[in-house]
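Next come two complexes built around subunit A: one with subunit B, the other with subunit C.
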Partner chain A sequence: MLPPFDLSQPQSLADALQALAGKGDTRPLAGATNLVPDLRGKRETCRDFVSLDGVNELRYIKRDGDRVTLGARTTMADILDDSGIRTDAPALYAAAEIFAGRMVRTAATIGGNVCCGSPSADTVPALLTVDAEVTLSSVSGQRTVALDEFYIDYKKSVLRSDELLTSVSWNVPPQNSANLFYKLARRKGDAITVTGVAVMIAAEDGVCTRARIALGSVAPTVFRASAAEDLLAGKALDEAIIEQAARAAADQCAPIDDIRASADYRLQTAFSLTRRLLTQAWKQVS
Partner chain B sequence: MSNEKVVTVTVNGSTVKLATPAHRTLLEALRHEGFVEIKCGCEKGDCGACAVLLDGEPVDSCLTLAWHADGREVTTIKGIGQPGNADPLQKAFIETGAAQCGYCTPGMIIAARSLLKDNPDPSLADVKRGLSGNLCRCTGYTRIFEAVQLAARELRGEGEAA
Partner chain C sequence: MNSRPPLSTASFRERALAGARYAADIIPPDTVLAEIVRSPHTHARVKRIDSRATLAVPGVLAVLTAEDFEGIRLGHLCADEPILSSVARYFGDGIAAVAAKDRQSLMRGIEALRIDYELLPHAITIDDALASPVAIHDFCADNIAEKFQAVRGDWQAINSRVALWVENTFETAAIPHAYLEPRACLVRVDGKRLELVCGSHAPSMMADFYRPIVAGWGSQLEVVTPAIGGSFGAKWEHPSQLVCLLFAQRLQRDVAMVLSRRDDMIAGRTRAAMRIRMRIGATAEGELVAKETTLWCDNGAYSLHGPAVMKAAAIRGDNLYRFSAIKADAQLVYTNNMPSECFRGFGITQSTFALEQLIDELARRLKLDPAKLRLSNTVREGDTAVHGWKIGSCGIADCLDGISNRIDRHRRDNALPRSERYRTGYGLAAFIHCIGNRGYDKRFDRAFVTLRTLPEGGIRISSGEVELGCGTVEVLIKTVARELATNRDQLEVVLGDTATGPHGMGSYASRTSFFVAMAALDACRRFKRAAEQMRVEFGMTKPAEIGELVARARQQQRLGDLEVTGDYQPSGVVVPDETGYGNISAAYTFGAHGCCVQVDTYTGKVTVTQYWAAHDAGTIVNLNETQGQVIGGVIQGLGFALTECASVAESGQLLNPGYLDDRVPTFPDAPPVEVLFTDTYEKKGPAGAKTIGEPPIIPVPACIANAIRDAVGVRVYQLPMTSERLWRAINDDDARSGPKGN
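Right after this comes the complex of A and B.
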C-alpha cells in the first residue's frame, strides 16, 4: 500500500505549471517508476503531486537542423523506437537500451531520470557527453541551463519547486566522432549501476578536437571529468595519454562503499572503464 | 486528501469501473476486482510478475497508478489466450516446461509478447534483454528462453507444424 497522497491531473503544460506555482511541497509525477517505490519505501515524504500523464505536449522528439530536443515526458521506449537517436546520441541510445527492464522503459521518462538527481541515473552521463541543456519552465517564464550546471549535490539541483523541467536538447555530434556508454552492474538491465562511464571523442586530421568524459555512481552527482577532457583536447591520442586521462578521471571521483560495491572497486573501475572507452572511441575516429 | 474517483478501464475487452483513491496502484485495484491472474511480486518494478499491457504496451501494474489507466485498455494474461484458445507463447511455455511454480509466467508472457511484436526473430541475447525486467525465482530461465524462441519460430511459420 502506498501512503495517501493528493494527485492533480492537468491536461496541458500551462495547467501543470499553474499547479506547481506558489506551493512549497508539490512535486511533478511522470512515469512514477522511481516515485512509487520511494513512496512505498517511505523515502519520499511529499504527499501532493502533479501528474504529467495527461500533458502530452511534453512527449516529443524534435529536430531542427543539428538540434535535437526531447520533451521531458519522452519515455525510454520512445527513445529506442525513434529511428534517429542511435546516431544523434549513441551513448544515450545505449543507456536507454539497458535502462531497467522492458516494462519500466514504457513508463520511465527522460525528464524524470534527469530530475531524480540520482548519481546512478544512466541517461545523465550520456547526455553530459553531448553538452545537453535542460529547459526549466514556470508560470513566470523559462530558462535554459547546461546539464553540467544543473546538479548541486546528491539529489539536489538548481530546479526550483515551482519549475518543471520541460525539455532536454543537444546538438548532434560532429561527423567524425564516437560516443560510447558503458554500464558496469551485476547484470545488464534491471540493476543499479556500480560505475557508469560515457565518452565522446571527435577527431579531425588525427587530432582530438573534442573530448567529453562523464561518470556516474562514483560521486554525489554524475559529473564531467573536466581535467581528463583538457588533457585530451588538441592532441593525437595514444596509450600513454589515454592512461593519463583515465587516471585524471578517477582522481576526480569521490565514491562511497555501499551494498553494490566498495569505493575502492568503483575507483579502479572508473579508471579502467574510462581507459577502455577512450581507447575504443579513438580507434573508431582515427 | 486522496479523494476517490471512479476510473473506467477496459480489461480484456470488458468495461470495468474502479472506485479508487489516487494512491492505489493498478495492480491493487485490479486484483481487488478479482483479476488475480495479475501477480504481485516485488512491488518496485524489478520482478515483472505484475506486468500487463496498457494500450498494448507492457507496464508494471505495481508502478502504475490506477487513475492513469482511466479510459485505457488493459490486457492481462487471460486476455492473451485461454485454455482451448491459447496463444503460441502459452503453448510454447507448456511444451517446453517453462512454467515451474508458475508465479512469474504471466509477466514473462506479457513481456515476451512485446518482445516478439518488436522483434519477430530475436537472438538469445535479445530474448534475455527483452525479459531482463522479469525474475523467475525458480531460476528456470533456460526453458523460458527456449519457449520464447519456440513461439517466435511458430509465429514466423517455421514451426514443426508449419
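Right after this comes the complex of A and C.
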C-alpha cells in the first residue's frame, strides 16, 4: 500500500524551484514510475513531493543549430513521437523504443530517468555517447554539468536537494557516424536491463575520429569506458583493435549478482556486446 | 440482503472495455476491511501474539489468530493448511488477521501487532527437506507427503527388445499463476446467512467444503462468483476467504479483503516445481517400448492438490504412446516454500518437458525424423492406452503432419546463411489430455444445467459452472439457441451462484465447455418433452411456437412446469485404481506444436520467430475464442519455458513478488502463432466437440527446448531456460555431449 505523503502541485518552474528551496527532504515527482513503486516497496523514505505535472514549460524538444535540448518533463513517448530524435541521437531513440512498455513510456520522463541514478537507466548510456550535458536549476541559479560528471556513486549524483534537473542537451552527431544501443534483458517488454551498451563511432577517411562507449547495469553507475575509447580514437579499426577495446571496456566493469543475472554473465556479455556494437558501427561508417 | 452481485458472465467485449466487475469492484465504501499479517520468517513457531495495542487503535474491530480456527484445515486431498497458523511454514504464511473500519486504522492496527517468533531451521529445496531432521508437519516425520508407484508390463521381456535407452534429469520451476486480478473477497451478512463473493473457478465445490465449517459457527453459506480475472487453477479455497467469513460472522458486518499484488504473490499459490529423472527405451527401428520415471514434486508447505498433480505428472503423458512397459516412482515432498497448486496442465505440463525432449533425443540418436517417430508410436482410435485410457476420436496424426509440413516449408523458404552469431533451429512436441477427470471427486464427474422460463419472457440458463474467460456463456447460448430454435436474445445466462443455480464442479481439467454443453443438451431434451406434454394438454394442435406456448403457460400459471434441469455424467469412466489405471474421461484431446527459434550465441538469448500449434479439439464451436485460448496458452508456455520463476533467496524469501521481475511474457515477446485445428468429430461430445482449456500450454517448453537443441546442439535441462543458462550451456563443452545413454 502507498504510505501517506504530501504533494505540492506548482504550475510554473519558478514555483517548483521555490517549493524545493529551503526544505529538507523534499523531492521532485515527475512520471512517478520509479517513485510510486519505491514508495510501495518501502525503498523511498521521502514523504514530501513536488509534482512536475503542471510544469509544462519543462516539456519540450528544441533545436538550435546543431544543439538539441530536451526539457526534463519530456517523456519516452514524446521522444518516439518526435520526428528528429531518430537522427539526432539514434541510440537514445533505440533506448526509448525498448524502454518499459507503452503504458510506462507515456509517463516516464527523461529527467526522472537521469535523476533516479539507477545503473540500469536506459537513456543514460545513450546520452553519454553524445556527450550530453544536464542543466541543474535552483532559486539561486543555474549550472550546466557534463552528464559524464553527474554521477558519483550508486544512486548518488551531484544534484543538490534544492535543485531540479531542467534540461538535457547535446550536439547532433557528425555526418559520418554510427550511434547504437543494445539492451540485453530477460524479456522484451517491461524489463530491467541486464547489460546495456551504447556506442558512437565517427569516421573520416577511414580513421575513427571519435569513439564513445557507455555501459549500463554493469557497475554502480552507468559509465563511459574511456580506456577503450582511447584505444580506438585516431585508428582504422579492425577485428583485433575492436576486440582489444571490448576487453578494455569489460575490464572497467564491476558487476554484481542479482536475481536477473550473475556478475559473470554480465561481464562476458558486456564484452561480447561491446565488440558486436563496435563492429556494427564501424561497418556503417567505413 | 442487498441487491445481487454481478456474475461471472461478463462478455469478452465487456472485459476488454473494462466493463466487467470483479470482486474488488463491488465492495461498498463502508465495508469492514480485513488483512492477514504474514510471517517474515520461512519457518518459525509463533511464541506469543500481543494484540492489545492493535485492539486499542481506533477503528480496529477485531483480531483473529490460529486459536480462532482450531481444528479447521484446508485441503481436499490432505487437510493440512491452517487458516491462520501457529507455525509459519513459509515466508508469507498467515499468522493473524485484523479487521478495521477503514484502511488507515487497518494499517495502524497491523503495525501495532506484536508477534514473537522462535526460528526453526528451514528447507526450501527437495533435497534439504528429504535430508532435514526437522519435520515441517508434526504428522510427517520424513517430509514425504505422499508416495506413488505404478508398474505395468513385463519388465523382463522388454530388456531383450530395447536397443537404446535415452535418459536425463529435468527440473521445472515454481511460478505464480500470474492472473491479472489479485485475490479479493467480500462477505455479506444477513443474520445467519453468509454470502461469499469471490472469483472462484469452483464456487459449488467451495461451498461444499466451507458449509460444514460455517455450520459449526451456526451460520449458512452461499457462494457467488463475479467476473474472474484469471485463475489458471489457483482460485479456489484460500485462507483469506475463511478469515473474512469468520470476521463477518462475528462482527455481523460485511467484510472484504483485497490482496495486494505482493501478498498475492508471496501467499498465493505456485506451479509445483519438479525434478524428473526419466528414461525411455526403444527398438533399433524406433518402436517405443518402455519408460521409467522417478519424480520428486515440491509440494510446498501445504498439500492442496499436490498429491494429484504429482500422480498426473508421473504417468498421464504416457498415454500418448504405445509403451509396453512403464515404471513410475514419485514422491511429494513438503518444503518451506509457498504451497503449490494445480496450474493449467495439472502436472503434465511439467512432465511433458521431460518426455518430449527424450523422444526428440531418441529420434536424433536413431537418425529418424522426430515427427515420423512419434507418428509410428502414438495411440489411435480404439486403443486402450497403457494406463487404461480408452481412446475415442484421435487427431494426433493430422496434428503431427500439419506441424511437420509447416516446419519443412518454413525451413525451405527461410534458408539463411549460417552465421557465427545467430543460429536457427526447429522443434516439435506432442501431448494428450483428458476432458474432466472421474478420479478427481470420488462422488462423480458431472454437470447440471437448469432452464427456467421467465415470467417476463425468455429463458434463463443457469449452471454452477463459471465463465473463466474461456467462452462458457457462448457455448451455453449457442447450444440452447440451436436446440430450442430460439433467438439468442431470448436467453440469459446465470453462472456460479450457489443460491440460485444447480451444483457445478468447476472449471478445471478442461471440462467446462464439454460438460455444460452436454448438460445443456440434456436440459433441452427435457424442456422439449415438457413443452410437448403441455402442448397436448392445452389442446394446441400443430407443434406450437415456444412463445405461444409460454404465453399460455403464463396465463395458466404453469411456468414452473417449464423448468427443467439437465444432467450429464460421462459413461464408461471410472475412478482409477491406486496405480492410476482407469479410463478417467469420456474422450481425449491431442495436439502437436512446432516452432522456429533464433539463438544469439553471444548472449544465449532465444527468440521464437514462428510458432505453430495444431490441436484436435473435436468440432470447433467458437473459432475466435478457441484460437485465442491456444495463442494465450502458447504465450503462457513461453514464459514457463524461457523467463518465469519464483526467485527464492536462501532465506526462503521470495525476491520477485511483482510483475517487473516475475517475467511473464509481454506482447513484444509474443511470437506469431499459427493455429491449426483437425476436423475430428467426437461421438461422445456435444455436436462432436471436445475441449481446449489446458492443452495449449502443455507442449510449449519441450517444443522450444527441442528447437534450441536443433539450433545450437545443447539443451538446458532446467526451466526456465534463461539466456544465461543457455549461454553457459553453449560455452560448456560437457553440455554438448547431450543426454546420457547406452
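Everything that follows uses one rule, which is that the second predicted complex is superposed on the first by the 286 of 286 C-alpha atoms of A that agree within 3 Å, B and C clash if a C-alpha of one lies under 4 Å from a C-alpha of the other, contacts with A are read in each partner's own complex, and residues count from 1 in each chain.
As a convention for this text, a contact is a pair of C-beta atoms (placed from the backbone, for glycine too) under 8 Å apart; a residue touches a chain by one contact, two chains touch by 3 or more.
Note that this is a predicted model, so its numbers are computed, not measured.
Trainee: Specify the outcome, clash or fit, for subunit B and subunit C once both structures are aligned onto subunit A.
Mentor: Result for subunit B and subunit C: clash.
Trainee: Per the contact definition in the header, classify A:189: touching subunit B only (first), subunit C only (second), both, or neither.
Mentor: Both: A:189 reaches subunit B and subunit C.
Trainee: Just checking: does A:280 make contact with subunit B only, subunit C only, both, or neither of them? Give me first, second, both or neither.
Mentor: Touch status of A:280: no partner.
Trainee: Mind working out whether A:101 is in touch with subunit B, subunit C, both or neither, as first, second, both or neither?
Mentor: both
Trainee: Taking the superposition as given, does A:261 touch the first partner, subunit B, the second, subunit C, both, or neither?
Mentor: The second partner, subunit C, only.
Trainee: With both complexes superposed on chain A, which partner does A:37 reach: first (subunit B), second (subunit C), both or neither?
Mentor: After superposition on chain A, A:37 lies in contact with both partners, subunit B and subunit C.
Trainee: Taking the superposition as given, does A:5 touch the first partner, subunit B, the second, subunit C, both, or neither?
Mentor: It touches subunit B, and subunit C stays clear.
Trainee: Determine, under the contact definition given at the top, whether A:252 touches first (subunit B), second (subunit C), both, or neither.
Mentor: In the superposed model, A:252 contacts neither subunit B nor subunit C.
Trainee: Between subunit B (first) and subunit C (second), which, if any, makes contact with A:47: first, second, both or neither?
Mentor: After superposition on chain A, A:47 lies in contact with subunit B alone.
Trainee: Is A:209 touching the first partner subunit B, the second partner subunit C, both, or neither of them?
Mentor: A:209 contacts neither subunit B nor subunit C.
Trainee: Spot which of subunit B and subunit C makes contact with more residues of subunit A, would you?
Mentor: B
Trainee: Once the complexes are superposed, what residues of subunit A are shared between the subunit B interface and the subunit C interface?
Mentor: 1, 37, 40, 101, 187-190
Trainee: Which subunit C residues qualify as touching subunit A in the complex?
Mentor: Counting only subunit C, the residues touching subunit A are 103, 107, 260, 262, 421, 602-603, 605, 643, 647, 655-656, 658-661, 663, 665-669, 722-724, 727-728.
Trainee: For the complex, give me every residue of subunit A touching subunit C.
Mentor: The contact residues of subunit A facing subunit C are 1, 37, 40, 101, 184, 186-192, 194, 259-262, 265, 268-269, 272-273, 276.
Trainee: Please output the residues of subunit B touching subunit A within their complex, sorted ascending.
Mentor: 1-2, 21-25, 28, 43-46, 48, 51, 54, 57-60, 62-65, 67-68, 111, 114-115, 129-135
Trainee: Given the complex with subunit B, which residues does subunit A contribute to the contact?
Mentor: 1-7, 9, 31-33, 36-37, 39-41, 47, 49, 51, 53, 77, 97-98, 100-107, 187-190
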